[in-house]
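Chain naming follows the written order as A, B, C, D, E, F, G and H, and within any one chain the residues start at number 1.
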Amino acid sequence: MVHGELTKLLGQFRRGKLTEEELLQRLSSITFESIGYAAIDHHREVRTGFPEVIFCQGKTPAQVAGIARRIVRHGSTLLATRAERRHFTAVRKVLPAVRYNPAARTITARGNAVQRSGRGTILVVTAGTSDIPIAEEALETARIMGNAVDHLYDVGVAGIHRILAQSQKLREAAVVIVIAGMEGALASVVGGLVKVPVIAVPTSVGYGASYGGIAALLGMLTSCAAGVTVVNIDNGFGAGYAASLMNRSKG
Amino acid sequence: MVHGELTKLLGQFRRGKLTEEELLQRLSSITFESIGYAAIDHHREVRTGFPEVIFCQGKTPAQVAGIARRIVRHGSTLLATRAERRHFTAVRKVLPAVRYNPAARTITARGNAVQRSGRGTILVVTAGTSDIPIAEEALETARIMGNAVDHLYDVGVAGIHRILAQSQKLREAAVVIVIAGMEGALASVVGGLVKVPVIAVPTSVGYGASYGGIAALLGMLTSCAAGVTVVNIDNGFGAGYAASLMNRSKG
Amino acid sequence: MVHGELTKLLGQFRRGKLTEEELLQRLSSITFESIGYAAIDHHREVRTGFPEVIFCQGKTPAQVAGIARRIVRHGSTLLATRAERRHFTAVRKVLPAVRYNPAARTITARGNAVQRSGRGTILVVTAGTSDIPIAEEALETARIMGNAVDHLYDVGVAGIHRILAQSQKLREAAVVIVIAGMEGALASVVGGLVKVPVIAVPTSVGYGASYGGIAALLGMLTSCAAGVTVVNIDNGFGAGYAASLMNRSKG
Amino acid sequence: MVHGELTKLLGQFRRGKLTEEELLQRLSSITFESIGYAAIDHHREVRTGFPEVIFCQGKTPAQVAGIARRIVRHGSTLLATRAERRHFTAVRKVLPAVRYNPAARTITARGNAVQRSGRGTILVVTAGTSDIPIAEEALETARIMGNAVDHLYDVGVAGIHRILAQSQKLREAAVVIVIAGMEGALASVVGGLVKVPVIAVPTSVGYGASYGGIAALLGMLTSCAAGVTVVNIDNGFGAGYAASLMNRSKG
Amino acid sequence: MVHGELTKLLGQFRRGKLTEEELLQRLSSITFESIGYAAIDHHREVRTGFPEVIFCQGKTPAQVAGIARRIVRHGSTLLATRAERRHFTAVRKVLPAVRYNPAARTITARGNAVQRSGRGTILVVTAGTSDIPIAEEALETARIMGNAVDHLYDVGVAGIHRILAQSQKLREAAVVIVIAGMEGALASVVGGLVKVPVIAVPTSVGYGASYGGIAALLGMLTSCAAGVTVVNIDNGFGAGYAASLMNRSKG
Amino acid sequence: MVHGELTKLLGQFRRGKLTEEELLQRLSSITFESIGYAAIDHHREVRTGFPEVIFCQGKTPAQVAGIARRIVRHGSTLLATRAERRHFTAVRKVLPAVRYNPAARTITARGNAVQRSGRGTILVVTAGTSDIPIAEEALETARIMGNAVDHLYDVGVAGIHRILAQSQKLREAAVVIVIAGMEGALASVVGGLVKVPVIAVPTSVGYGASYGGIAALLGMLTSCAAGVTVVNIDNGFGAGYAASLMNRSKG
Amino acid sequence: MVHGELTKLLGQFRRGKLTEEELLQRLSSITFESIGYAAIDHHREVRTGFPEVIFCQGKTPAQVAGIARRIVRHGSTLLATRAERRHFTAVRKVLPAVRYNPAARTITARGNAVQRSGRGTILVVTAGTSDIPIAEEALETARIMGNAVDHLYDVGVAGIHRILAQSQKLREAAVVIVIAGMEGALASVVGGLVKVPVIAVPTSVGYGASYGGIAALLGMLTSCAAGVTVVNIDNGFGAGYAASLMNRSKG
Amino acid sequence: MVHGELTKLLGQFRRGKLTEEELLQRLSSITFESIGYAAIDHHREVRTGFPEVIFCQGKTPAQVAGIARRIVRHGSTLLATRAERRHFTAVRKVLPAVRYNPAARTITARGNAVQRSGRGTILVVTAGTSDIPIAEEALETARIMGNAVDHLYDVGVAGIHRILAQSQKLREAAVVIVIAGMEGALASVVGGLVKVPVIAVPTSVGYGASYGGIAALLGMLTSCAAGVTVVNIDNGFGAGYAASLMNRSKG
């Protein structure tokens, strides 16, 4: 549809029905929908392969519901993150078919376009039990984007044999997401064991000098293992999203 | 009035009715009003062109009401920021005509003197929907100071065409206020598109390594676009105030 | 010239000599010149009213000279900041007419277009003698951009009467730039005395807990005086540039 | 018990059974009272001129009451800081005569020994109305330690004439305590106006880049005015205590 | 070879020529070579698909040469990063065929095994000219690991059309590495334009509040564009390495 | 039991009942028990001499109870830290014999194996009354690990004679744990008085520039007394655990 | 002289020889001397009891010499801090009688007015030998301001008896300056031993987590001993100056 | 003199003129030697089991030599850390028998008293080759204090089998010192493998977000492995010293 409208505009311009000035302005404006408090980027799916995702924190339930309705109406897949139950309640009123995962804090509804497209499996690994909610956010994101997923929980380095025992699962994954708080050492160990991209997610688990995830964040950024890239603290969504891009078949 | 009292004092001094010591002390003291917990700076309007603004955070409702009453009695315009509803309730009891904007958290009452004086329009731009409360504070401030205002919401750089589509609005503004959390990149992009002053307001929107606005603050201070100046995190008032000064016709 | 080429391209497109794809690509590419290590943004002057400025730090003398030559050849005004003498030596070889200010560390050459256009005077104020190099950078920038400038040096708040004695100069300025290290208190005091925009520049002057300018930076961001906006530490250029935008006659 | 042992020791000393040296050494080792959760330092009054002060934060009401009872029973002056009402309620049960200042969050009871002993007046100055609770803590401390006190509230530097108008009060003080949040510039201005010690107290008033008082703290530590010393953020007690030491007549 | 030795050991154990204890110890030790100051991990190539890389910083030239010689002798590809000329001089003495890239600060020698294996092109994009040395390190790394590479230099967001003009190159890349100092906004803009993984590298380019790359680092971690992952400040090697893993054909 | 299973596996391998691949995978997996949300490291007791400890923060009561049940069933000693009452309630349902210490926030149950094994006494010293909860956590940990313990409370350096008076207790301890908030100076003083290991625990007691324990943490890390090692802020458990290791008879 | 000129001006105004405008401007301007790069505050001696002090860091030798000459010509005492030898060389050319202390990095020349005026002795105490240069700066400052001084070096708390052995010197001082790096614990110990003001100076001595003095700074700000105030890191001058104010006889 | 007085005291004790209690108390007060710039703590050996160690940083060569001479003359073992060659040159002039280790930057001379006294072996483990200088400092310290030592270099977690292959050495050690920069993950892995105390030393090896060792420091403080204690960044001496205390036979 976006593409169709673009062709129409250029045709009008060529036939002189649009001035130069008008053309340039319309070229951009057809690709998003302004609803007062938000400018919904419907074109994002064309550009990046996945529609706009709603970050609920700081938005009212009514705002989230309004944006969600327009995304779904547009035929796109819905993913809303950091969603509290009050957001879900508001969205469900206008979109009864949405699903809420309270651990992951996600609201989802599958659009027309998503199909299993990833090349391999995205494996989500956590250092501890407390990191599971962030893992759930990553898993929900990767699933809704059409990937096969798997996970390993509570395999932190204080008992190093727990992760070593899973070397086959590690070897079989196409992308590995490592989620850890405290010192985040698991990312370095895993990074040294596999030949696929490792995405590290520092979590705010820990206390004292963990400083809400800074210790893990710095540890992962300075990892002695090459091939590890990092996303923001507690950003399970970002890891799941990036892993999906890495898992896509190019061409 | 302030000026009249000054002339009177110097007259008394010349006629010997005031000693040198007395003169110097009175010179300063006529310009503010002490009410125990506050020293209201009535002279500020003369010096800076706008009366003292009440910062409500950390003040009791009774204190805010007491200060507000004296400002209004003095014929000045009232602007109170970071006002909670309890502050508003207290002020309304003594000044029934005040207006409360809960999103902006401002209490306002127009004084005798304000008139539309700015040269052009102050345009307030936000990166996301969550930045709107800070935008509201900026807009309230700019409006009460006599400026024409306009806004663009949710035009962050992840969908760069959204801001590019608004280039005409950007070109027509006299001052642009850019409000953004997370990485605050919108300030740099806007700064590269306009020939008027850009005031950047980092917001505490985001999580993890956004550190309550530090990421955006540092990003805006180190912007690769020249002409961008910065105010404190979440300081919509400060941006609106500075924009008003920039928008004034000098001479 | 930029505008002419744009018209030509759209004409070719309308006549079918350019495909849609070709048009879009050419639209952007005519406005900058790629020279391998740099993409010179000749269009910036059209957009922002002043040509691209060269930030010399991290660039080789040969790179600076190469960029400078193209800017001047394009008829634009040259301003290079953070220039060491070795940069100047390289630039002078290809552009003998350039001027070097070692205190400000700027290389300048006036283009065809610059004329005195600012509405009033930009006043640069420093807290101490050690802040003068940053003041020089601000002054050079404001001058080359066509403004009348003036300055007050060493009027910090430990001797508050020094700045109070200059109240007339302060009142007459169209924009005031306050440059201070240590605790940066001068910005707050000046901000409370004038009715024009104040741009605060924290400097890295000081030791111990001044942390290379952080103390002054935080002090200026949290200033109790409204109307103060802030630029990066030691960023005299940024202050001069922003002041020039504020001093322009709009319309 | 402490008292009994003290009497015995002094008796031995009087009868020549203890040398002066021996007496002094024994005096220290018997001078605290262990009550399980606390080791009350009754000797502190001898060493430092004022008895142990109770810091209530992190202590249960029962612990505060237990310590308070022993201090008062020892005939010493009672000062408890950071006291919540629940602490006061517990203390009042065992010591009905104590006084609670909810703004200052202090519990006090005058001991036998305190008398007006300071050489001059301790003047407490605040930048804003929101700084008053910290000022109250400083005033309570200075008063209970036997000093004449005075105060000036809301005289921050954005209206510089407010503090200049009070130059006589400033000149007459023996010690000045300056309490300010945000950028804390008032300390530098006052430090440049007086010839007596200035104690600066940064407060956590402000938001964004004030970082709970860091901006003011750094500003005060790097003050361009000599003679300013600093205490911890919001530490009104520490300022009042140090001011009392400075105000004592030595010998 | 590693695999052959493993089989031999297990055969010996099965035949009773190795005790259980001996087997376990040998299992690990065959895979690295200890040379006193280093334990060279020859097994890494098997595990991760690329041999150990030498990080020269903090190592003596003799140590670097010693490690390099063993890696090459083992038939592996050599990559040494952060190499100063003195390191190169030492390595060249024992390995005359190595190549030194002074801008990238890399020493390289191609091993037997490397062949063009990546699925697509790795595109390296910099915001400014000063970021080029880090880009060179990323390019050298990606090249030696068998990838097709391309680059775009100096396309920062202050002139947003420069990157928009290159949308075709961006669309054709399999992985994009974005290298930027100052506020690092380019990563967010690029992240919003492509459907492939984006690796962001903050650089220490900038001054004042850029804090040696922290501003860019935080900006990239908190990017409003999904799909962006981050490596350490100035870590061109890490970005090139991770991009190579992402570019590999799995299976 | 663990050892028995290991022998069995190697026997099967030698007899050809397990392939090489199967052996390696089983070798690791026998030593932990996977229950979905946790991988309980039963082998830890063999490796480190003490079973896995449950860190309750971030875990649901059901998760804690599930893990606790398996540890106890395995015959091991149970120690759960940072346990809230809701955790205790859940654990008591499945393990009625557990003990809860609300001050220390620990849940404990003694296993079969623990016996008094330490060489000497572990002495826990606090600077203030507010540090006692952390001390309780250290004492519970040391006790459950089979050590004799003792404590000294509220002996901070502002009354230096209080700790000097206890020099005999200090001299008799085998390990000393020093727990202090604010500036943490007690660790340095004690470190200079004893000839045994001193473990310093910074606490989050204090306000303002204590920054939740950073002041004490930095003070202890930079202690002028040699022989002092440090654990995380408020980490009484970690100190008790490390002290137990130091107190063990080796061989 | 300053006072005389003031009287003259007011006389002229009363006789109508000065307009109101002229009077106000002259009132301030007579009290400082502008020499282009500096505005020398000759009035400071009247206000604060001591003339302006030259902070040499960031000033050229010529600037320091120029300012010094005017201070001495005015009959005031000269104190220049952070002076390198090149500053001294320049000053000595115009003022042959000045004295340079290379350890303290001070240039001094006694003016007409200074006489021994302090009430008691200022005692400077250091924790280590490495802190001595800062102590020298404090001692030079206190001496030139007319105080009796004494010192104790290398009495840090790791050998607590060293400071306890000096209790008599501590008891006899009127003000104590404690200078310490690393964890700065000495300030707390001394603060608990004396009944006079203690000024703490953190030094940048130490490494690692001492962070150039932050550990000591935070430790001193959060000292558990009341009565301790703090100056900037390495600020021996500030401590000496503040101590002089505290030591003055008021009235 | 110290020695003379000591003799006298012991004579008095032998003749019954001093009780044991009195003797001990007197012993401390005479036990340091003041040499102007230093107060040498000869008693430290009695209290802590090892004489005072000289920290050379910030001391002049003459000062170091002066202190060293007195320590050796007293019959004590000499250990000077952070010694540059210029310090060694000065010390060797007065003490020809001292030994200098340039990698460890230590000057040592064995005293009368040291003998092999530790219970077991202290094992020093490094993550990389660049950490070796810190390891050398730890080894020198442990050796001079009478311990058997061993080391493992370059066994970081990116090649986890390197450390696993050394499990026997790890199991046989009495204390393990783990030295690592970057993310410091090795401490957690080793902590999970052994049943003896682990001392972690963060090093300043790394770049970017390693922040001179902060990443490793935070990682080690928040280690998920219990039993790990931490010393200051690059503090090999502190680790060696603490390990020696832990290795001593108590009673």
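Note that in this section a residue touches a chain if its C-beta (ideal position, glycine included) is under 8 Å from a C-beta of that chain, and two chains touch if they have at least 3 such contacts.
Model, not experiment: these values are computed from the prediction.
Averaging C-alpha coordinates per chain and comparing to chain H, the farthest chain turns out to be B.
Ranked by separation of Cα centres from chain C, the top chain is F. Inter-chain spacing, taken between the CA centroids of chain A and chain F, is 38 Å. Centre-to-centre separation of chain G and chain H, using mean CA positions: 38 Å.
If you average the CA atoms of chain B and of chain E, the two centres end up 49 Å from each other.
Distance from the chain A centre to the chain D centre is 54 Å, each centre being the mean of its Cα atoms. Shown for chain G are the residues that touch two or more other chains, namely 44, 128, 158-159, 164, 192-193, 208-210, 217, 221-222, 226, 232-233. The complete set of chain-chain contacts reads A-B, A-C, A-E, A-F, A-H, B-C, B-D, B-E, B-G, C-D, C-E, C-G, D-F, D-G, E-F, E-H, F-G, F-H, G-H.
The touching residues of chain H, when paired with chain A in their complex, are 127-128, 156-160, 164, 182-185, 188-189, 191-193, 206, 208-211, 214-226. Of all the residues in chain F, the ones that touch chain D in their complex are 128-130, 132, 153-155, 158-159, 161-162, 164-165, 205, 207-210. Within the complex formed with chain G, the residues of chain B that make contact are 7, 10, 13-14, 16, 20.
Interface residues of chain B, counted against chain C in their complex, comprise 44, 47-50, 53, 119-120, 174, 192-197, 199, 217, 221-222, 226-233, 237-239, 241-242, 245-246, 248, 250-251.
Those residues of chain E that touch chain H in the complex are listed here as 25, 28-29, 31-32, 36-39, 41, 43-44, 52, 55, 57-59, 63, 67, 82, 202, 204, 213, 217, 232-235.
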